[in-house]
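Look for chain A in each of the two complexes below; its partner is chain B in the first and chain C in the second.
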Partner chain A sequence: MQVSGEIQEPFDLIRLSLSERVMVKLRGDRQLSGVLHAYDGHMNMILSDVEETVMIVDPVPEGVKPSIRVAKRQIEMLYVRGDGVILVSPPQRE
Partner chain B sequence: MSFFGFETSVPRDDKDSKQAYAEEDIAVYTWGDASYDALGSALEETGDDLNDETFGGGPVGKDFDFSGATNAALTNQPNVQPSKPYQSDLAPKTQQNTSSTNDLWKNVDPSSAFSKQVPTEHITNPVHQTSAAQRTAPSVFAQINPSVNPQADYNITNLSSATAALSLDGHNEARPRTMAEIEAEMHAALREQQQQQLISQQRERERMQIEQQLLMQQQQRMMEEEQLRMEMEKRRLYEQQALQDPLWAIRQAMMQENGMSVQGPSDLRPSLSANVSPMTQNRHPMSQIPHQPHPPHNHGAGNQQALVNELLLHHQRQQMLEQQGHPRPNYDISIESQDAMAADARRRMQEAEMMEARHRRRMAKIQSMARYNDIMTQSDKDFITRVQVAQLVTSDPYADDFYAQVYASIRQQRIASENQVLKGAPRQGGQRGPHRRENAIQRMQAHVERIVSHMKSREQSKEASSHNPGLQNVLGKTSGRSYKAAPRQLLQVATASPDSRAHHPVKEHDSVKSLDSHVHHGDLPPPFSPTEGLMIIERLFNNILEIEQLRRNKPLAEDEARMSTWKQSLDELLDTIWQGLRVVGPLYETNPHPFIALIAPMKGKRFIGRLGRDLTDEQKLMTLGVIVNRIEQLDVIRGAAILDSVEDSPARRMFERQAGAFQENVINQGLHLSPSARTLKTYTALIELMIENLSTFSRVVITRPGLTLLEHFFAEASLLKHGLQGPEGEHIAAPAEDVAKWSNLYDRVFEHLLPLWNIMFPSTRILAAFPPNSLEAVQVSVVTDGFDLHVWRFLAGFALEGTLEQHSRLVTQLRAKVMGTLRMAQALEEGKAKARKIRNVDLFLNALGLSSTQILEATPQIPI
Partner chain C sequence: MLIFSVFKTLTDHTVTVELKNDLCITGVLKSVDQYLNIRLDAIKVENAEQHPHMMAVKNCFIRGSVIRYVQLPASAMDIQLLEDATRRESGKKI
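This part shows the complex of A and B:
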């Protein structure tokens, strides 16, 4: 199977994920999971059917184990600005 | 010490030299010297005691009595004041003086354009000379007037010999002149210039009249306009003059009367175009109302209106006469035509004024923009052009600029068709050249093309020179670009080309292959990793884009050679796609089948939908065969368990979309057979293939996508069984043996499905988790009714084809389901949910010729 011809640059891998579900890790302890519709060289992206997961670490006094809450929300269509993107990956295989 | 580098030392014997200078009667100033006599401090600085000495205390002369001079000059004219003989005697003399001094002054001034013309005029035309003098007369500075108070004048002459000499004899150049005289001369000269200009214009106009008689008909219009413009120019000057000098008009009229006699064929003037170019002359807004009232009897050039009339009339007459073949008109102007022509002329003048205003607006705009002229240097402009071109140049214009390309091709087609229309019609005269804007665009395009080709040729020459690296730059560096001009690229973005695979940065991960569904689906390995599948789809999409591009560039049917190569390349591409789909090949070597794996992602399904028309019926049938044969491997069948739940989740929504896409894009669009291939036999074969493996069939058919696929085949088959409508509306019955085969198959399917009906309903499967007849179950059933719809629908369609005996068996089998549904409907209040339940059941019952109302009326309370 010779498929490497299609992949010349990192963006080609993202191109393969067009109209596929992707997992996007963002700065600020956020994660997105949605269907990728478009992207550009800045990694700005259009995602649809998005689930955003935000990790919230509540401030606690010294010595106490910090509690981590996870907040989730659904967004139908989302524009993601590229400067917050840490990584883009296909969804985890179950 | 030499401060500025020149000799500053005083000669030694300065005493002697001073004495020597003194003897020479030259003032010797010795400020700063020891012998300084302090004369400067003795100056009287404060009082005005000695003003008399400075300015003179004698009787004041009349040199500066300019108004008096003007009056005198006016009265000089014989017809005005003939009663003063000595004044009229004096007048010619002074005029002579002025003229001659004017001549001298003009000769001295090299910048005067008229310096050469004026003297000849004076010589050849004494009448004009006089008129020129008369012209200058009313001007306050025109001349020194000796007539008002000759005695005083002579007094001055006595006092100052220079003044007297001039006033008596202007030819004496050696004598100094008074300021007043010089001033007067200068002003007179200025006037002279202006008058000369006017006269020359007038002459031009008159010469034009003669010339126009010889001109062709087409030229006449142009000339008319030119004439008109000239008239206006003249008029403007006239008005300006009149505003400055109220008496000017009178003088002008007189002058023109005289000037009329001046003109002759020997006139050697610059051509009209040089004089009356609208761009070069400073123009001012013109008032529409005639400023100067002209006496109607004045047929001279002074009456411009009349002149214009005459001119226009002349043109008309000439045109008429030329058409009739007459040689030349003579001048006879009737009053009626004059009036008509006056109106016409006025209209033309207004038009010209509008043109003028437009021109002025344009110039003002250009001027306002001109502020920013030359802000950018040429290198700045080049830089920007380079940036723009860099944006434009691409290795793959089609992919990078898809929409522009499509738009351009559509536009080209339209233009081509328009051109054909134009070619068909005879070319009319009114066709204009390309619009200015289009011109600019064309120029820009040509410019960009030039730059691009230049860049390309440079690249090529660079490459060519690099073929011989040993000899490169041995004769010195020829490349003008330094490393600064081309900064190091931050990201090397290589363009995709098939031969550049050798240095691919991404490695294949074999581990991914083995990781996937290997474990879940028996011993068979998957055909490729999900990533590879996506890559294959990408490649297929590229292929289909190429095909679409190829279709756009379809050669003309007449061009057989190109047509055949075009067809060949199209066939090659189609074959590439067909191979890429991997439908043909071993069926059981991988799990899932390669094609099934390819249509697993949404993109794959959409691709089949897009491909649609490009697959042959044979290929479609093969594909359908693969799908039916390996139906259990389909993602929409494998993951259908997610539908057996009332919970909403992103995964479920995703699956719903996938299932919809499979049915819509793959089955209805992509693999939709052409009418010729849609036969009863085909669908019989497909359904047969479907029930070949019974265990698989029973698993597949209880899923919604599986049942939808079966329903699709079944609906087609039952339609075809009843025959077809031919092209002329005739009925084409299905072959008898096919119908027989179909009935046989139906019976087999009926038997297979009979025990499955109950479990086929999603509600049955879902509600099994809830205690029967509980409130919860009823509530859930409201949701599951929506899921059940497709089963009821298929059941209705299926039952229609069955026999009465089969109907009764169906009713027996489904009695519990029907009754249970109706019972739940009774438990519900009136509303949408209840109506839906009853509607679902009625779908099936109506197909059998029954109705739910019969049951509900018979048993108001259905027992459990």
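This part shows the complex of A and C:
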């Protein structure tokens, strides 16, 4: 029954990522990378040392290939509301 | 409930709330409720040029569901306490 350690339900994966750096994909072409300190059942989260990446597609005239800009910013401590979360990816293990 | 408690400990601290319409409001956190609705005093709109209609507003109530992020004061938070509380809460049933 016990397959890999303590992972039995999806939230276990997030619990094991506590105090580790996670990647969070959000609605609105946003992505965060930060250290996870708290979360709840809504996937509201508190992250520290966060880098936010926003993909911005600049409007261009018809027929022209759209250019994509990437805006990054750093935030020391951040609460993220769970309703915008698409996925949480645990730290890469080598 | 966990995140609600975190916000309660942060009352009277200055936070920056970013809404889903990209409005960014900095102000003193006066109160919060179970829906994570937030009341801010002495507010200042960060990107005022994009939101000129907000200029005269000095305090406000923000519905929890329109919030995307809240930037928190890192110095006012106990990370160890936060992670322990999260483990406890996720252990019983979120």
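FYI, the second predicted complex is superposed on the first by the 85 of 94 C-alpha atoms of A that agree within 3 Å, B and C clash if a C-alpha of one lies under 4 Å from a C-alpha of the other, contacts with A are read in each partner's own complex, and residues count from 1 in each chain.
Please note the rule applied: a residue touches a chain if its C-beta (ideal position, glycine included) is under 8 Å from a C-beta of that chain, and two chains touch if they have at least 3 such contacts.
As the structure is a prediction and not an experimental result, all values here were calculated from the model.
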{"item": "Touched partner set for A:Val60, first chain B, second chain C, both or neither", "value": "neither"}
{"item": "Which superposed partner A:Tyr39 touches (first chain B, second chain C, both, neither)", "value": "second"}
{"item": "Partner chain(s) touched by A:Leu18 [first = chain B, second = chain C, both, neither]", "value": "both"}
{"item": "Partner chain(s) touched by A:Gln8 [first = chain B, second = chain C, both, neither]", "value": "first"}
{"item": "Contacts of A:Ile68 with chain B and chain C, given as first, second, both or neither", "value": "neither"}
{"item": "Chain B versus chain C as contact partner of A:Glu51, first or second or both or neither", "value": "first"}
{"item": "First (chain B), second (chain C), both or neither touched by A:Asp83", "value": "second"}
{"item": "Contact residues common to both interfaces of chain A (with chain B and with chain C)", "value": "15, 18-19"}
{"item": "In the complex, chain C residues that touch chain A", "value": "1-3, 6-7, 20, 36, 64-65, 67-74, 77, 79, 82-83, 85-87, 89-90, 94"}
{"item": "Interfacial residue positions of chain A with respect to chain C in the complex", "value": "11, 15, 18-19, 26, 28, 37-41, 44, 46, 48, 75-81, 83-84"}
{"item": "Interfacial residue positions of chain B with respect to chain A in the complex", "value": "493-496, 498, 500-501, 504-508, 515-516, 528, 530-532, 534-536, 538-539, 601-603, 606, 650, 653-654"}
{"item": "Sites on chain A touched by chain B in the complex", "value": "1-9, 12-13, 15-21, 33, 49, 51, 74, 90, 93"}
